[in-house]
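The same chain A turns up in both complexes below, where it pairs with chain B and then with chain C.
Take a look at the complex of A and B:
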């Protein structure tokens, strides 16, 4: 009996050793949580679509790690003194996966195709709405004229994929899944797509840039967290994304598996209703306590952000004190998370006239963000500890978001994920004064309003000089944070796990890109 | 030939001794089964724990201010930063599992007993009316009951809670709606049998008012089967409440019942933190088994056919 166990143990150890060297193989299998809604790169701006498209398609410019722009299919660009005429020089010698040459006509075709996409749940069209005309100066130079000065044109163009004009007008998005239309210039090329199962991509040997390490990658879609983790452990797949935080410690302890956890640009925060003299979920006082900045400051001091990140998120993520994490344009390195100081919180509450606290129901979703229900309870717990009489209610997100937008809550958990590489859009949607006509403050569910903030942000949106624009964004952020407009909690973590022999270097956008995956050898 | 000679000799109550109150016989018969007594002792113990939970438990698990996130997911026997020892460990929120289970038993039992009692009264009224009046009244009531029983209980409860929302009152309402039909059907069956008996006829001949016949004569004679169903239904109400809480539609998250505790711990079970799910699961199992042991034996004792 004893020897059987020993043999078994030996066998397991051997198997673990052998399974630990997938890099020798030239083809990989990875498992991602979310499946794209279409292979058409111009169909939807959602993360799961883009992380597949980015392997096969390219844009004119890309975002660098420092938040600046890096040449891709365009090598140089400039804007004329009239602030509306942009000139782009295109890269020569680039070929599409079908062998045809890339030139100005493909760019014009791609930009004109964007508004014609039908039935998209998250269309790219608003991102090119400012473009009035695109003309080819010669085969490798284009001129874009905008209808008004658009300092953020590069941010928008950086997300528009260039497709080949060979596919012709009127190509429907669902035709891309069959292969004859999914023709890009990227480092990988399309092989096949089985809806609900996998996308297969192969190395583009004629790629203009640095060649990738793997001949073929099978990208499988496994939405169940437990199955995805089990597939990795069983050696069926070489990499997984969206590792559930509860499994991080266990996977970290395993031989042959490496965990990569970095903070993303999705900031989870608590919002306080500042929209009126009364607020629905507060009891024990007739006034709306959140109109008093001291109350908002007190509640910010009452939260131990590091404890939330380490105890609930298993050290994945990072405490937040502003919108944009480091590496995103508009991040202010001097703005630190509010210090955890319950004594100061009690003092401030007493100063504001709430020495005995007040009654408050805290709301949060329970199926949207990582461990969101537990985080909401913990925030309630920490506020109870500084003297508030707290109840906590968590709801499924589809119910929750509707009620939050209808302003039925007083203090509630929400998040905003930056996908454009800079903080401007987040500031405008979440913190700008709610203005339906202007489209500002669309996600300002708590109705924070400070004219000084609005002016500074508007100035940033009109500024062409990058350094000055970043300074204005930082200043706007500081105004809002000095007002304790919201209480940032943390940047949610993105977690991946790979088998030994593979290296995954995540980019700031947090996407599971195959182009970020390389072999250790 | 006298009338008296036709009357069948009275069926002796199980274990009955001449001149003794009938309930004493039932008790003695019940006490003969050691499994039933074991169940009863367990049940009494659980009820006592549930009633005195605030005095017995080391922590008030529903008071957010007394929890600390720094103590979360501690294994059984570990001591937290506040110096408190957690005999059964803590959950993801830093709640002492032992206290949470005691309070959870309180909720489970409370919800089960309250909802079953109300459902029993509604079922009794509907079932007695159907049996006594017969005809169209019977048809209408019993078709509603049939329709009701043809849907799975969990489905009805889920739909109701989706409409009503969360909260202990809502879950009690849902359980009442789910259970009254079972009581109604049982009491109708029992009452139909009783109704044909001579003492009812005799009462009618005496010209007693209908309410007096129904509540004074029919009802008491239908009670034995109802008591059995009542205990069994409490167990199934508790199980249903736990299921609903496990599915996340039951009680508020800051006041976990046993089902919600199990559900909360479920996400940690693969990471080896078994105690968050397993101990509330054992508590739920023991509670339901105890009630069923008592209920099963009560049925044996009260069933005249089983009498030797």
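Take a look at the complex of A and C:
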């Protein structure tokens, strides 16, 4: 009897040893840089909220790698000839994390809940504003009627999470993180949330799609770059995001750690004040030199984007020549980054009557984007090399953003990150003519304005045919780039590091999703 | 009692002045709307949000609305979290209090004996080493120390966790990481990091006090009475050097609670310091204002406690005098 027990014990121990590595992979700890402001998936559109929500909640459709749409909770959809009536067939056999069945009522509840959420700094409400009514045809078919033809409805619906109608109306956002309202249909389910510290999620064993590899993931928030990297090195966490570019080479050289670096859809650019006959930060001339396209072109030629990406961003990211990177709807493969050509820059400046340059203070933030202060300094240096008399001032973003919006700067660094899978919103908010009534150009802090651009973009927003819409977006982009409305610098890099045995395959949105993480075994 | 009431009235006044300063300060730094509002939002949505947050009103109007709400006990909702600001702050307070308390404990328990040692044997090599060490404690930047601690004890040696707060245990209704081993292991590095500056200060104060008091008549008297050295040091000497130490430790406690920002950020400690720096970065005014008002109250309370402690340590001090 005794020996049997011993044999059994030995056998169990051996089995445990052999099962060693997959067993370890069952439960993970990851460290992310940014913390969500709420667990309520419908509270804010900010990146840090999205990347937590996407693990637990799902949308009707999702964005494919090629910019198209992929079925998720909706399996099929079509739009009637009147261009305002959409029909969605919903996936059957899907259950929420609390075991209740998913059906049309949940979709109606979710879409109606969105506009009722108040005081969100980044509300989803504008994305459903065009929806006039949602009705259930049967349990698994819904009909959405829009107030006007809305070709981008799927782009918007692709970001609206479906929550369970069981949670009831008037459910405060708080109840998601601190109550039991966080009920979705996604591959992971909510376990707990400690503000400032962590969110814990666990595998949803009843998931309708492919099951995820990990039983439980502790998502910790470590905002300090050095500590996040140290946590990975010490083996305390299995994956980190936002690896500082300066550490990339060092981590690549370490055994047992793998680095994943891709360019994101966040484009960093220099804007030039084109809003008036004078501009505040230019000296040595009475006019506003940036009204002359030759000056804007010259300054675009004066920047060595490749050098910025390789030396300052340590090869993380990619030089940009337009708004949307490859893989985003509206990207134009023929638009290349402006060639680095300082001679041409000097010629153009001379042609424009600035052979001796002019005085310019360049502005940039110093705590917002990766190495943003140094990038601003470098751009300033490059412009000085073509004859401008440059001073550089960098500021904390909380001071900087207000002054940029108040148009106190002449040439300044800013960025825009595309999150909806297509370039339209970015073009509208950054490059369209500033027009409060129309609601366009909200981020056009440099007041570029070209009616031809506005018209082309408006046509794109009204176009139902995807191919034609993409062509219009590309054309609008080309108009603005030919005008050198802004000078795109690069698409910021997204970097992750995982320990051996894990695979992280980034999606085009660049988010640190646990659903993109899998086990190598 | 009169003394305590007067102190609390002072607190209200200071909190009021503080709120004006913070309101004006945040206004001068920038507009929360420019940071908070989604860059993908349209103009219409921007304007609607600015109205919702009340940011379209003139500053004085915003302030009086705020003041009216505060009188009803409402400090407003955080712009970022859309939850009551005070609630968010209190949620994070235990972690910070625990960290500050641990740091004070380290500073006092290690600092006073070392300071005494160095004061009693001013010329010994060990004393000189302690004093040189205390200079390092002062002068090495906090964040650098923190990262070095992590590299040494967590990455290289692997003894202690890198970041975060461990599990909390419950004892007498208080929930704290003091009550679990894992919690203490998590607490060790950040608490030490936070303590180093104060530790150096306590060592130097204790040593200076010892050097000053030792030659005085009452010490000689005590010795002449034939008291044992231990009694002379721990009763007669210590009591007389404690007043400046208590003052400094008491006041530093406030500082440790209010400004543990660096330590909390490096060690990802989910306390108030990390909250306030994040809030300043996005100009989340309700949190900033509420936080600073809470801190004002903490400082006033600590002052009060220090004054009461004075009268216990040195019965010649009367509270009424100290208050004036």
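Methods note: the second predicted complex is superposed on the first by the 495 of 521 C-alpha atoms of A that agree within 3 Å, B and C clash if a C-alpha of one lies under 4 Å from a C-alpha of the other, contacts with A are read in each partner's own complex, and residues count from 1 in each chain.
One rule holds in what follows: a residue touches a chain if its C-beta (ideal position, glycine included) is under 8 Å from a C-beta of that chain, and two chains touch if they have at least 3 such contacts.
Since this is a predicted model, take the numbers as computed values, not measurements.
In the overlay built on the shared chain, the residue A:246 is in contact with chain B alone; chain C does not reach it.
In the superposed pair of complexes, A:374 makes contact with chain B only, with no contact to chain C.
When the two complexes are overlaid on their common chain A, residue A:440 makes contact with chain C while staying clear of chain B.
Of the two partner chains, chain B is the only one that A:394 touches; chain C does not reach it. Look at A:309: by the touch rule set out above, it reaches neither chain B nor chain C. In the superposition on chain A, A:472 makes contact with neither chain B nor chain C. With both complexes placed on chain A, chain A has more residues touched by C than by the other of chain B and chain C.
By the document's definition of touching, of the two partners only chain C reaches A:43; chain B does not. In the superposition on chain A, A:226 makes contact with both chain B and chain C.
Residues 226, 396 of chain A contact both chain B in one complex and chain C in the other.
Residues 226, 229, 244, 246-247, 249-250, 304, 307-308, 311-312, 366, 371, 373-374, 377-378, 380-382, 384-385, 390-394, 396 of chain A touch chain B in their complex. Residues 31, 37-38, 43-46, 118-123, 125-126, 173-174, 194-198, 220-224, 226-227, 230-231, 233-236, 367, 396-405, 416-417, 419-420, 425-426, 429, 435-443 of chain A are the ones touching chain C in the complex. For chain C in complex with chain A, the touching residues are 29-31, 34-47, 49, 52-53, 77, 79-83, 88, 91-92, 95, 147, 150-151, 154-155, 158, 161-165, 265-268, 270-271, 274-275, 278, 280-283.
Interface residues of chain B, counted against chain A in their complex, comprise 63-65, 67-70, 72-73, 92-94, 166, 248, 252-254, 267-268, 270-272.
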